[in-house]
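Shared between the two complexes below is subunit A, which has subunit B as its partner in the first and subunit C in the second.
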Partner chain A sequence: MSLVHLSNLCAHLKNCSHVNIAKTSIPFSRMHLQVALGLYREGFLSSVQKGSTSGPDQKPVDVTPDNIATRRLWVDLKYRKNTPVIREISMILRPGRKVNMTSTEIRALASGLAVRFVQPLQPAEVIFVRTLPTEIMEVQEAAKKGLAGMALCRVK
Partner chain B sequence: MFRPQVPRSILSLTPRRLLALQSSAAEKSAQKTAAHIEYLLKFYNPKLLQSIKITESLVSPKDYVDLKKRGDSARSRLAPDVNADLSKTDPEWDEPIMYPNQGINATPYPRIPQMQALDNLGMQLRFKEKDAIRGPSKRSRFQFFEELHKLTGMDVDYMRLLYMRPIHMKRVSCQTSKGKIPNFFCITVVGDRNGMLGLGQGKSRDGMRTALEKAHWDAIKNLQPIPRYEKRTIVGEMNYKYHAVKLFMKPAPPGYGLRVNHNIFEICQAAGIKDLSGKVYKSRNSMNVIKGFIEALTKQRSLEDLAAGRGKKVVDLRKVYYSA
Partner chain C sequence: MRSTAVNLSKKTLKHGGKSGVLPEVRPIFKRNPILPPLEQESAKEANIEQGYAEGVPVPKRKGFKITRQPKKAEVVPVEQRLKKILEYNAPPQNMNELSPKERWEAQKKQIRMEHLKDAYLTESKRIEKLELLKAQKIEADAKLAEEQVYEESEATKLTLPTIDSYLKGSLMRHRTPEEKAIVEEQRILNRKTMELQVKEAKANELLELYHAAENFITTPEELDAAITDAFENKIGRFESSERLAEDKLFGYFTSFSDSRANERLVRDVVFGEINGKPGLATVTDTLSGETEKYSRAAESKLNNRS
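Then we have the complex of A and B:
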């Protein structure tokens, strides 16, 4: 899990949204896949597909050490009434300022309260939290399960 | 011209002496008619003269006598005299000259100059409403809304009952070679207190009243709907920058009230926003705060739009929980 990669992901999706790009590719890793699926479940992306650097795979392809370098995730962006659905996507934490929240704090955040320097949730906003080193989920899910975690990024 | 013949009824009632006089009168009239016919024959041929006689016989003597009795006022107007001097107009007898583009209620009479002297000391001559001299852009209240109705198609009563507030008024001046020329500027906000909001600007050199009227007109023209959450507050937080004005507005729970900048307060009153909290940072220039807030309000995305974009359904939990 790398902050740099997540920041790049946020910046890339933001840049693509601004120029109305329909399909874009992001690196294929566990973190990227979890974030992409999270965004898809929340309705910010219209599709998530496995693929290579040239394009999404028409048929399922196994990932092997031979083709790992060329593997990419292809993601379809959504637009409505000439505006992107992903209006804002930004990082909450910085390398110099990380916030590890307890389950109570996560529940407070999910309820719309401000927690430390994290601004409260806005209407139609989503915050991704890392509950386990290998698990990224939405703040509402984490609150339901009563988990603690680190808030990563917010999408509006 | 033919004189009417003496009627028989008069002849029967009069005594002999009068009859004699009458007969001489009849003779005289006959002589006169003969002389007149001779005169006419100089200008008209016999056939035309015949038609003239026929037309004149159609006029009854009674009508002719009535016309004579009524005098000059009953006569039809003739074409003006070619040799008349039109450079001078008599203010009493002549109709005043109508200049174009003077406005609807403008009278052609010159304005009485309002000069401040030691003897009048700023006292103004006041006339009755209908005799008052009106400026070019001044309309009556009725005309104002009627014209707006023609322009926009909105109901006159609806426009008349809108909440209108001139939030910002100032006097600006332009420096020219002839000196400082003052100009009056006004920003007016108009709303139906239920989601419709309009902002208008008006400027005039005549005075603040004209500027106010122009601003009111402009505001009604710019009426537009704005999204509200639960019809009482804004949808989500607002972090908006307009020029040097930084707006930080937060929605508030019901009953909170409008704890905001005084300009924003007036706009919320017009729009029907009842609860709001927020602060204006950096510049608090009235004009820019007003314009910035209205821009931010119109750029809000309603919950339905946001939900539709993400493909989610918005459910009012309170309604669902408490419904039967």
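Then we have the complex of A and C:
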């Protein structure tokens, strides 16, 4: 998983919501799909669709080595009273500051405590953590499962 | 807190600001444990490896052996220890023959031995109790971890099945062996087509050079003639060139003279010729005997018809 790709995703979503764009596309990869689905479950996005560079798929399309280069994920952003639902989306870790957390720390973070320099969770805020090299989940879910992980980004 | 040079230095709080803190009690059985390690602990330690990886030359040190597995401390039970110590410090047989001072010394030694024995036995009891508690805790932890297996709720299982199913397995469908074979064949075909095109272009250029070689100067006579022709003033040719240039300048020029050249070019392309001379296709057909075969077949057909 690339930190740069996640940072780009955060910046892209932030830019799009600042200029009130309804639908945008992000690259099609496991990490992007996991984060997009996490945002959808938490209610920050109204839909996540598979599609190509030209738009969302009208019929289901198989992802093959021939069309993988043009595959995209199309996400619908939410707005309420002309303000974006995603108020803030930012990275917690930086290239020079990886934030590995034990299961106890994850539980503490999920229960509203500050962990080291990571500020406590606010109401209507989520933090995404990477529990395995290919598994990204919300901090509450990780705490429920009793997993250790790396804090990635926070959205509110 | 154990006193160290760091926390006893000038500006730190000694013992965390508490007074009357005694130093850590030194363990009695330090080198060799009196009880074998617990099963769970030894299972954990079995995976520990140290030293140098396979294939890396190990440095030699006198009286020291570097092993892959850490050396385990020998277990010496309390009874064995006591037996060894008490045997070594046994009271002398001839107690009555000793002088009063020596006897007193021997008696003092025996008292010390008794105290040591008591201390060892008490400590062993304490350690056994601790080990028992530790084993119980490990067991309880394992049981708790077993009970706390996270299971998704029924609602989660029944909703969002398709979205989560994306993340199971590979995101992309890989090519089947048949598709792989087709792609491989296509690549070979593309490469061979490119190679053929390059070879054909080279052969065409060679043939063009061959046809052009007809006008090459190869003898001294031809060279003389060419030099004379080049430096001789031919009024007729000069005038015609001049007229042509004027016509071009003032727009009287008709494309008649060019059309001839164009015609030739078209003919070359249509018939596959090079400047009116046989092209590559004709030459290869003739060399391979294809033309001859074809003309013979045509002739025989004509003969049969008549």
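In this section, the second predicted complex is superposed on the first by the 156 of 156 C-alpha atoms of A that agree within 3 Å, B and C clash if a C-alpha of one lies under 4 Å from a C-alpha of the other, contacts with A are read in each partner's own complex, and residues count from 1 in each chain.
Methods note: contacts are C-beta pairs under 8 Å (C-beta built on N, C-alpha and C of every residue); 3 or more make two chains touch, one makes a residue touch a chain.
Just so it is clear, the model here is predicted, and its values are computed rather than measured.
After superposition onto subunit A, the partners subunit B and subunit C occupy separate space and fit alongside each other.
Contacts of A:Val4 after superposition: neither subunit B nor subunit C is touched.
Legend: residue contacts after superposition of the two complexes on their common chain; A:Val85 is shown touching subunit B, with no touch to subunit C. When subunit A is checked against subunit B and against subunit C, the one touching more of its residues turns out to be C.
In the superposition on chain A, no contact is made by A:Val19 with either subunit B or subunit C.
Of the two partner chains, subunit C is the only one touched by A:Lys144; subunit B is not. By the document's definition of touching, of the two partners only subunit B reaches A:Phe44; subunit C does not.
In the superposition on chain A, contact is made by A:Val63 with subunit C only, not with subunit B. Shared-chain residue A:Gln122: touches subunit B; no touch with subunit C. Between subunit B and subunit C in the chain A overlay, the least Cα distance found is 15 Å. No residue of subunit A is contacted both by subunit B in one complex and by subunit C in the other. Within the complex formed with subunit A, the subunit C residues making contact are 148, 150, 160, 163-164, 166-167, 171-175. Residue ranges of subunit B in contact with subunit A, taken from their complex: 229, 235-237, 301, 303, 305-312. Residues 28-30, 33-34, 37, 40-41, 48, 50, 62-65, 68, 144-146 of subunit A are the ones touching subunit C in the complex. Listing the residues of subunit A that touch subunit B in their complex gives 42-44, 78, 80-81, 85, 87, 119-120, 122-125.
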